[in-house]
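Read through the structures below before going on.
Next come two complexes built around chain A: one with chain B, the other with chain C.
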Partner chain A sequence: MERRDFLKQTITIIAGAAIPASALEFINPKSLFAANGGNTRWVFLADTQKCVGCGFCVKACKLENEVPYDADITRTWVERYVICKDGKMRVEGNMSNPGFGINADSPKGGRDGFTTAKIEVGADKHVEIKDEDISKAFFVPKLCNQCDNPPCVQVCPVGATYKTGDGVVLVDRSWCIGCGYCVMGCPYGVRFFHPVYKVAEKCNFCYHRISKGMKTACVQSCPFGARQIGNLKDPNDPVTKVIMTGRVGVLKSEYGTKPQVYYLALDREVR
Partner chain B sequence: MMEIHGEAWTLKEFFCYPNEYIYWSIQIVMYPFMTGLVAGAFVLSSLYHVFGVKQLKDIARFSLVFSFALLPVAMMPLMLHLQQPLRGIHVMMTPHFTSAIAAFGIVFSTYGMIVASELWFVYRPHFVATALELKDDTNRGLIGNFRYLLFSALTLGCYDVSEHALEKDEKAVSKLAGIGIPVACFLHGYAGFIFGSVKANALWMTPLMPVIFICSAVVSGISLCIITYIVTMEIRKILSKMGNKAKDLPSYEELQSAEIEEVQLTSKYLVGFLLAAITLELLDLIFRGYTAVKSWDILREVIYQRDFYKIFVMQYGLGNLLPFILFKLPGLTVRRAALASSLMLFGVFMMRWNVVIGGQAFSASYAGFMDYVIPIIPTSLDTFKEGLMGALSVIITPYVLFYFINKVMPVFKYKGSH
Partner chain C sequence: MSHVWRPLFVALALVAGILIFRAFYVPKEFGIGEAGYMYGWHNPNNEQYWKDIKVKFQGSAYCKDCHSKNFTYIRNTPHAIIPCEDCHGPGMDHPGKIAKLPIDINRLLCLRCHAILKYPNSDRGKIRGINPATHQDPNVECVTCHDPHNPNLGALKKSGQRFPTYKLEAGAPEGKSAGGAKK
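== the complex of A and B ==
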């Protein structure tokens, strides 16, 4: 066979085969899963009006998920905000331009509750605000937002962090190389390095519990019902009903991450 | 108490999220700095090979070899920084291509292969000559035997050094250098993209980042080549003065005139790239101030207050403006060029520092600050790797490598190299 003929025939065969081949559909396991088993989308609802900053959620989380108890890293935390009547930040010392900050803190992630009026502004540094200066003060629970468009998953160079079919972002401890790109990529600061496993770590909505029909440790431990977990794809789920009918806010929507932790009574000062 | 990564060197002030620390420390400053040197050194060598800037012949050969010595060192900070360094190979094995880091292995090895093959063509006649010489030597000894094996392996079985073959080699070199320029720029622009695409970081996120990185890379690469070139030339001058009169070595005067000529010409390119880099950096700064989006309040505090000394005094003043003046004053001497290049190198290092550390100097809450206190004396593996000692090991390595590579691919052997 001449080379010319060989090439001609090859082209004909390929062109001919292309037509029936185009009729075939390549099945993506992900879309298959979504079509069949995808009736769950885990979401979280936090009611800041109900949160009193007791820190039970942080304690429960640390114990449940074996995050070293005294280490200054945590999967979930509670922030305290104290807004002054003049809208300004209270500082002592070297802050040159205090016109933009807020009075907020989360000592030990709020694990031991907020038992003093003093606000932590650095290592062993505190500032006290006079009661008459305060216009409002409140607590805000924080945890991983299990984003619909998670930047941490996008930037992981080895695919060690991934989003499950039911919307939770997980980390594969056996595959993470510990580069920290996901830590840098998260606008909410929920990621850190696990001091024991030396890999990226974050809240996963207690995936081992919720996938067995249980509540997350923080939800279960909250005495005030400030934290709730639900399935957004179930219209009868009480959490879904609140999200669908109430006025809920999310954190930092400007990053396009589509966060799935919804807040009731979210103040504009919340960072 | 358990050691938390980052806690040892992070100082927090005001409201930072509990998990925030300086996670990317000195090694991530070293990473773009070292890749920048690689890319810059290669671009300098290409000026001769591709654009035929004849006067740069001597420094071109040198910077090509040096770029090769720097190559493994560009990866070293990354390995030192990983929490799981043994899993670093996963990036090559299971790359997740939506990540800007995932293609690193591919880009890096492509570039490495280009540099290696270019070097092979440049040094082929030397390999052949050495291999043949050793072959005839019947009394080689152990080291001689090893050298013979090494050099005959390096010839890859091709002993043709006819004029025709050498001509072909030269063509190959200029082609490889031609491909190498965009790849080198890509390698480094890519490092800029890794930072520029982090949307969660207000200081890093700008499309200008890759371009700024490339320009400053070339500045640092050329600076380092000038310094190292001057140092080696001075050593050669001392040797030739001491009467080391081997007949194939050039004389003191020849070295002297060649040195200043090369340095003067190279510094012209250096200043050009410096101007490009500064223009872009200032454009970025002005744009941020003018548009003043949400993050500007905290960025302004970091740039104009907290990091003012590091940015405007050390980086722009000492590292850019002063060497610029030194280069531009008439009658450039070798000594002044060496000083100016060292300052320039320092300036680029400070730029990397101010980007990497400065980008973490403020909390994502926009209401708190973090400060990196570089660990000087290591107390653990972490504080060694991400402290001064780790950085110094990265700086020293290319010189150690250069020493050994120079044994195989001598940079200064021939008189013909001028």
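== the complex of A and C ==
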């Protein structure tokens, strides 16, 4: 072996070995399940087949968590996806889907449900898709993913947002300076400013409810069982069983945030 | 002392000032917590703030004792899956401060599920729906004809009866005088 080849191969091997195995794992609930420390890790399971887009979850969330009802902000929301057979987008210039052939909307975050086939494409602008043109159509509930590696927490310059021992990301309202780094840092767009408290606001799995042994407001108000919350460290929890043994997906796993909202029947079009 | 060093002293004084301010201003409880320095640097007392938020939605079991008649009446119907508070509003402060919960009988409430959307990949496509623009008089509330606690279409068609009897029972706990359901 020549000296040059030896050096080349050495460098290749070292570079390869430097990548931790965890960097190549996109979803691994098992590692969290087995992780040390505490006996609670709150996780969420959303079923996009069961969701009918009634929006009772969004309504309940806003009332439960005192999020101003008519302001265009919400801790959780429901998105509608309609994909046409010809793969073409009926909606032009919609920010959320630039040219992927997906028609998506979430009017008022789905607070009042989806009561019409017309898809909202802007203020008072709608487009209607005929039933026979639809190839796929479904609803997706969205909420904070309570990431195991929460980028919003990492960027907070003052320690006002943090991850609790049971995996929920909270905001300290008395300490937040309103810089907005976390709003920009969240890949899922779940953070916003609370117009009353003037600080960063986000879904916290109804921390006041789950810490009392109750379900979150959205889970309790869902008539169809499309939303479920569970403790990943409890092997007998029905949610844990589904996550460990079922076919689940997460959103934007490629960001390495290790999101803990798992989806059943997730489609590749959903972002 | 050379004037060259002066900016250094100014800088050192600034740093010292900031450190002293920080020592007084940052609460002593601040720590890295269970989640480690990168994700857990916070004031642990704040967790209690979030635990102390008032619970508004009580769950259907909360309604069971006083409203047992309606609670059991709905059990054998397709609407059994709908929690009471979805239509009746959060049960917080009821009874007590709020004697009567406002019942949402708006047509839009029913349309959340029953506006027809033939979506193949959602259970929405399986729910019996209507076209809100053409079904009966769009200005009339659904509960004028349909009983939300027993949406039995067969019985409705057979009897042809409007203003179903449930309205007489609605709202009031058993044993008390029945009040009107509206408003």
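Please note the rule applied: the second predicted complex is superposed on the first by the 225 of 271 C-alpha atoms of A that agree within 3 Å, B and C clash if a C-alpha of one lies under 4 Å from a C-alpha of the other, contacts with A are read in each partner's own complex, and residues count from 1 in each chain.
One rule holds in what follows: contacts are C-beta pairs under 8 Å (C-beta built on N, C-alpha and C of every residue); 3 or more make two chains touch, one makes a residue touch a chain.
The model shown is predicted, which means the values in this text are computed figures rather than measured ones.
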| item | value |
| --- | --- |
| Chain B versus chain C as contact partner of A:Q154, first or second or both or neither | both |
| Contacts of A:A17 with chain B and chain C, given as first, second, both or neither | neither |
| First (chain B), second (chain C), both or neither touched by A:F193 | first |
| Touched partner set for A:S211, first chain B, second chain C, both or neither | second |
| Partner chain(s) touched by A:V121 [first = chain B, second = chain C, both, neither] | first |
| Shared chain A surface residues [contacts with chain B and with chain C] | 153-154, 159-160, 175 |
| Parts of chain C lying in touch with chain A, wherever the complex brings them together | 30, 33-35, 38-43, 46-47, 49-57, 59, 81-83, 85-86, 89-90, 108, 111-113, 115, 117-125, 127, 132 |
| Residues of chain A that touch chain B when the two form their complex | 68, 70-74, 77, 89, 91, 95-97, 99-106, 108-109, 121-123, 125, 142, 151, 153-160, 175-181, 183-193, 195-196, 198-199, 254-256, 271 |
| Residue ranges of chain B touching chain A (in the complex, touch as defined) | 1-7, 11-21, 23-24, 78, 81-84, 87-88, 90-91, 94-96, 98-102, 104, 194, 198-201, 294, 297-298, 300-301, 305, 363-368 |
| Residues of chain A defined as touching chain C within the complex | 37-38, 48-56, 59-60, 63-65, 82, 112-117, 131, 134, 136-139, 149-150, 153-154, 159-165, 170, 172-175, 204, 207-209, 211-212, 214-215, 217, 220-221, 223-225, 265, 267 |
